[in-house]
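In the two assemblies presented below, chain A is common to both, partnered first by chain B and then by chain C.
And now, the complex of A and B:
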């Protein structure tokens, strides 16, 4: 089997192990929390028998190992239970908002990293100039500003003052998309997406920008860059296919961190812009003690993070030929 | 007319303590097909000189003056774009750290093809054939073209870089310590490759090294550098048998000889001078056992001491005496 395929399969196995560990931790956390999870369900006026009946209905009278087994089985079969308040299957609620979160995260993460990588390279290339000084100040400022603050400024300026963009939601009232493709090609969606995505991207671009700049400066001193210059390749080619290409590798590692930041940032941005996504569902579920929904949202967020990390690793192994083979040799 | 003629070349580095002249008024010429060895200890400006010829200097380095005439043009004054076009087609380089000169994320063959298609007149297909040819030239199997640099051994990487340097059939190759990092057997193979190529293609080579045996094996002309200046230049025979400069005498003492197995190796004490604030007079005077009063103030010019032999020492007329004194270890131990 080619080394890359072996690497792929091994990483896939690791991913499943990680998800199992996360599911177990979630299971324990929700069991260790003080109070009865059914407190929202059971009215104080219920008799002890009624309360027990409900408890039995949810399987909470079983010993922990049995509950754990049932829990794992349910997760594998995609059964996350029923929301206490919306009385609907958790999976359905989550899947309904899931595309919104993926689109917001994916688009702002991509925008932030594309911008950060290009701007960072330019700053490194213009080392010592005025542009570099201004660029670093800009990156540090935007990186230190809290997202709720940036979000509020964006709302106040672009939405309330200028009225260019709507202030909340994912679509104008009454809009129904037949497909994700239709959603992605509608101007209305992009108008709604603009501010939350901008806020999230501003929050995320600092890391790749500063990292790319310092990577580039380091790589520019590497012998193979000097060699590429010596061979008389055009400067843009030396910069792009040799310097930037190598400086990009640690960015992909940083991307795995960035994914974590993006999901964390999502929770805030979705709340500020009333964006119906996973983060907002999670916040609401926690606030209202809707345990099945919160547990499901946590798990789905974990799946997103682990999945995106897996993708980043695969990208890395494609970008750097040393990765998949080197690990093979060690094993 | 020589292929390359360097006149009064001066290269400076800007440092926090001031300008450092790593190469200070160096002049020499290389004939077509000639192999010039550039020898001297670390930090005397050999590599800087080599890189200055291609005008690829570290960020804080620049050519402060002089001329580099190659194919009827002065490489110092032509535009950056003209210089870029001259690189690799007219003169190429095997850099000092060839081990890291290949980009780790591309296949070795693709890197050679990149140069062939971007800098030469090769289309993709011709480039592939040429890459195979180049690999054969340096003794690498063609299926190695699809390997990444990390899959190569040190010696193979070195050969690959030499193949790359020859890709566009330049008139001159500057080889900066091309075998220093290699073990003796691979060293020999690489040097042999070099010599064969020189004979086959009438290639001129400037071989930068601190290893006298490399000079003996590959060069026909030798220039000795000390503290940014050429202090002696002559044919390889005269270099070994009739050296004039005390530094050259000292260098030869520091290397073992096959013919004189019992000879004690003698090192030259001390270090090269600070090039930011160089001493007056002769730059070697503080380490030279033969230094006299005159050496303190007056810089010895590089003059012709015999036909085809230049040296920069005030005491060159007494060279016979100096040569016999230099053979004794005691000479190098006591300071005048």
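And now, the complex of A and C:
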């Protein structure tokens, strides 16, 4: 088998292992809760038939190992039970808000990485100058600022003081989009998205910025850059097509970290701006002891993180073939 | 990919680790003084910490009022007071003195930061040492554990665990400790892999030192500064996480922390009223505390990786 295929399969196996472990940890957390395990799945307000149906579905009257088997089977088939409060299947509730989280995260992450890479390169280029000092302090400050604090400042100033943006939600009341395309091209959507995306992007841009800067500085010392300079290429071409291109690779690595931060960060940003996404669903479910919903939301967030990490790894191995071959030698 | 990243850093940046045990420990500790002399960022960080430690110790004595007490004047509640001589930062919507709350907030922040950092540094270092030294199956199992740790969404995990274990500061610290050691363990491990091959370690093994003796007396002192670095960074993360958890409403209800103040302001419509005097100060305190950790961490990094210094 070609090394890349071996790497792919190994990495896939690792992903499944991690997801299984997370599912198991969740099973334990939600079963170790004080009180009757039935409490986790059957709300007192359920009718007797509902309670019995759920009890059978999750094997709540069976011994723990059987419950565990059923639990894994249910997760694989996407059956997370019924929400206590909305009395609807958990999966349906989650899938309904899922696009909101993906849109918010995707757009902020893209903006943050584009800005971070450009700003980081500029800082490296102007090394030793006043701009560099100010830039680093700015990056460290934004990395230290709690997102909810940045979000609150943005809300108080741009939304309440100036009235430029709405203070909550994903769309004005009563808005229904026929398609994602229509949503993405509607001004109302972007007005709602602006502040949460800005807050999340401010939080996320520090990592690529600092990383790009130090990568650039490292690359600028290398022989091939000196060579390029000696051939008389203009400085901007040296920076762009020789230095920046090579400094960019580790940024892909950082992207996996960025995804993790972004998803974790979503929990906060979505709560501050009442953005109906996975993170906010999780927070509210935990607050209101809606266990099936909390469990489902947690697992879906983990799937997103682990899945995106997997994708980033595969892309990385295509960009830099040394990864898959090196792994083979070690193995 | 993380393997690729750590492999890369092993190749390119070789930290200066002194050989002798006493010397190694002395560098870790004495280096701190050196950093402060050279690095203005680190100095600022230390000054901020000293200030906060002062606030944490003497807070109750310094605070002009009881942070939970409702201020009254002739039986009239002094609610939503803007800053004045009597209340330098104003009062909350139920008439509590904001400055006093701010001062009291330093103690939980530092308690959470230091205890979580200690846990992270100790667990991460021990796992990294064992994983790197023994290699083989032990290493494989421990590293798969860190894979799982990286896959678990951090903040959601802390929230769920705290919600189940009960809202207390120590449960927040515990939840953070369970996940945060992964980074440290990986870095320490990759460092141990290189230290393990050094002549003095080989010599210790040949002269009959047991595995544990070799690990803790010969290898550990040489990676101690790296543990310090990750410990310092963890202080900031821990303070930030505690604030986030409190903001989301899962914090310790008996404790006035900066995160709690921000949550209080948020749910009490302070934003719509433009009561900046209420929510800006605690936000800035959190920022300063986290930033101080980063600044000191940066200084350590330069001590460990001198190549960075010229940049």
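In the analysis below, the second predicted complex is superposed on the first by the 294 of 331 C-alpha atoms of A that agree within 3 Å, B and C clash if a C-alpha of one lies under 4 Å from a C-alpha of the other, contacts with A are read in each partner's own complex, and residues count from 1 in each chain.
The definition used in the following text is that contacts are C-beta pairs under 8 Å (C-beta built on N, C-alpha and C of every residue); 3 or more make two chains touch, one makes a residue touch a chain.
Just so you know, these numbers come straight off a predicted model, no measurement behind them.
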When chain B and chain C are modelled together on chain A, clash or fit: fit
Partner chain in contact with A:29 - chain B first, chain C second, else both or neither: second
Touching partner for A:141 - first (chain B), second (chain C), both, neither: second
Partner chain in contact with A:237 - chain B first, chain C second, else both or neither: first
Comparison of chain B and chain C by chain A residues contacted: C
Which superposed partner A:246 touches (first chain B, second chain C, both, neither): first
Which superposed partner A:222 touches (first chain B, second chain C, both, neither): first
Contacts of A:313 with chain B and chain C, given as first, second, both or neither: second
CA minimum distance (chain B, chain C), superposed complexes, angstrom: 11
Overlapping contact positions on chain A, where the chain C interface meets the chain B interface: 320, 322, 326
Residue ranges of chain B in contact with chain A within the complex: 54, 56, 84-89, 92-93, 95, 97, 100-105, 114-115, 118-119, 148, 150-151, 161, 164
List of chain C residues in touch with chain A within their complex: 1-5, 7-8, 12, 144, 147-148, 150-157, 159-161, 163-164, 236, 240, 243-244, 247-250, 259, 262, 265-266, 270-272, 274, 276, 279-280, 283, 286-288, 290-291, 294-295, 308, 311
Of all residues in chain A, those that touch chain B in their complex: 222-224, 226-235, 237, 241-242, 245-246, 249, 319-322, 325-326
Touching residues (chain side chain A, partner chain C) in the complex: 14, 17-19, 21-22, 25, 29, 32-33, 127, 140-141, 143-149, 152-153, 155-156, 159-161, 167, 214, 217-218, 250, 253, 256, 260, 263-265, 267-268, 271-272, 279, 282-283, 286-287, 294, 297-298, 301-302, 305-306, 309, 312-313, 316-317, 320, 322-323, 326-327
